[in-house]
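This is the structure I have questions about; it appears just below.
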Amino acid sequence: MNNFFNELKSFFQKLPGIGPRQASRFVYTLVDLTKEDREKMGELISSLDKYLRRCGSCFRIFSVGGDVCSFCLSTSPRDNFKIMVVEKDSDLFNIEKTKLYNGAYFVLGKLFDPLEEAGIKERIDFLNKKIKKNEQAEVILALPPSKQGEFTCEYIKKIIGDKVFLSRLARGLSSGIDLEYADENTLRHALENRK
Amino acid sequence: MNNFFNELKSFFQKLPGIGPRQASRFVYTLVDLTKEDREKMGELISSLDKYLRRCGSCFRIFSVGGDVCSFCLSTSPRDNFKIMVVEKDSDLFNIEKTKLYNGAYFVLGKLFDPLEEAGIKERIDFLNKKIKKNEQAEVILALPPSKQGEFTCEYIKKIIGDKVFLSRLARGLSSGIDLEYADENTLRHALENRK
Amino acid sequence: MNNFFNELKSFFQKLPGIGPRQASRFVYTLVDLTKEDREKMGELISSLDKYLRRCGSCFRIFSVGGDVCSFCLSTSPRDNFKIMVVEKDSDLFNIEKTKLYNGAYFVLGKLFDPLEEAGIKERIDFLNKKIKKNEQAEVILALPPSKQGEFTCEYIKKIIGDKVFLSRLARGLSSGIDLEYADENTLRHALENRK
Amino acid sequence: MNNFFNELKSFFQKLPGIGPRQASRFVYTLVDLTKEDREKMGELISSLDKYLRRCGSCFRIFSVGGDVCSFCLSTSPRDNFKIMVVEKDSDLFNIEKTKLYNGAYFVLGKLFDPLEEAGIKERIDFLNKKIKKNEQAEVILALPPSKQGEFTCEYIKKIIGDKVFLSRLARGLSSGIDLEYADENTLRHALENRK
């Protein structure tokens, strides 16, 4: 339609899973909201960093009120001898929801990509220093059970070495998987770790 | 997380097809945009009505520069003796893309709902007056081939009467449909209108 | 496993939509049927042509009791001045189910394929002779609304010429189609044939 | 169509995943096979038990040449100190394909169903006797990671007791699972068995 339309549409296309068609429909929908709603929404987005930020210690998104998140405060009741490394905030929230884990986290932001090593190296170096200082007892790698997840685990091991006990979430049969269609890797882990 | 997070998330849930999970991911994604990007995006949303509006004559979304859209200007090169009634802007844009039609449009905004007659009646009354004034030669109903679409067509016919020639997009076999699975309605139209 | 297994499996793979995995499961399932069930099923398949055959006049599958099917008998109450050309028996059964049509049929068996013209030519020549003899008033092409369906219609027109009135099932909007995603061809037909 | 058609169709509907529509298409397809093919296929099905049978010792399907399958022969090179319990033959074949396991199998045929305990009890009693006699060192339960699979494992444990080492395939993250969507059960196993 015009520059305004295309510019706003291009911002919506930055959101995960949104293509040009759905981005257009988002703009149409905004036209039919009240002026008041649009102004409130725009203001929330513009001022987001007053309220949400990545923690300077674990890189998870938190509600601003200092430089580090509530999990990373020295007064936090969480078990800071464990640190779980995840790829992204959605993984962290899913794990939190289960209440199975009460330690600290460390958000990588992305997986290891051989063509773009720099970005992730910096964050893992940060993790490395943090471990040395805090004397964590265990680092738990909760990364995706995929090729890229494996590479990232290997890469982290190489950098962190044997300073701490490094464990990985167990591979095996996920709920609901069909043994008739399970792949070799999954079956191998399920068989080796049977108990 | 907190009020800010939930408030922004609730705005994203107003967008078509977006549930709570994806709305959360949109907020996480915003955190990782630059502050500059967020401010620009927020500003575009806040000031949207300076750039986009529904046309006061055909109700389609257009780039502001007056009260009516370029299609509805008296100087428009389009064939204003035809007026195509569509449910929503996305339908209009899909039809425009094909370049098969060069008349005017009229966007209903929603289909007829017996429990909420008022909303749509007002818009159809508007269409009715407009027809009387402009002496359109044909109104083409391009509404969905569904039960609700049928009801809406009947409702429009009742209000508009026989002031103009009222036609409907033809029913029949859509590209790629499988005759083995075609429903009775589609087959009946395809058979009756064979040629 | 062995030759027997693979041979039976290969027969199941001749059935439409059945790949090697499902074919194997069919064989396992047979092992768990009763011996009596297997023998009955085997006998039905072996003796199928005593009960089912393609009609010598319209090529649809019918219950044996003569050379031609009940629709093609001279005593049939069906309207034999119309003949509807379909690709396959499943299309015919779907159309019969709607009770919208009471004429004769002609099953092509496949669509026109430029690399394999011979097979279909023979059947269309047969249709051509039949039309001459029976003086049908109308041939209705009920072929798929796809590229290959179009080619087949053109091919039939070329052979049959203007001996009879040749019509085609109407193209247009099928039940449930979304105007926002309708392709250009469908919209063109829907617009041209509006009424 | 007629009794013959419906009878043959009902046999095809006994095959896993086949509904009335696909069963009809199977019959149509058979009409177009050669008479020779149909007779061969019918004969293979009728005489199936001369070639395939369930083993009298492990209940897997095998190529006839005695009462027990090649895996169960006393001369088998397989490691008969292990016995893996699976639900169905397709699971067994998938595990064999990976070449990760070289022990014996035991096919349950179905999972534990509280409303129909009798069927499965008989087979587990058989397994129980077999274990006593053969002095297997380990029984590996390779049953589905579902509620019903859990119940079946518990049921087997109760009957077999602590005569042998009873292990289960490990639960955890299957290849390709997304941590953002992993269910609580899977995460709990993945966390508890991390290493």
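As written, the chains take the letters A, B, C and D, and residue 1 is the first residue of each chain.
Methods note: contacts are C-beta pairs under 8 Å (C-beta built on N, C-alpha and C of every residue); 3 or more make two chains touch, one makes a residue touch a chain.
Source: prediction; values computed, not measured.
Counting only chains that touch, the fewest steps needed to get from chain A to chain C is 2. Centres computed as Cα averages put chain A at a distance of 39 Å from chain D.
In this assembly, the C-alpha centroid of chain B lies 54 Å from the C-alpha centroid of chain D.
Looking at chain C, one finds that residues 88, 90 touch two or more other chains. Taken as a contact graph, with one node per protein chain and an edge wherever two chains touch, the assembly forms a single closed ring in which every chain touches exactly two others.
Within the complex formed with chain B, the residues of chain C that make contact are 86-88, 90-91, 94-95, 97-98, 100-101, 140, 142-146, 167-195. The touching residues of chain C, when paired with chain D in their complex, are 1-2, 4-5, 7-8, 11, 14-17, 22, 24-33, 35, 37-49, 51-54, 61-63, 88-90, 93, 109.
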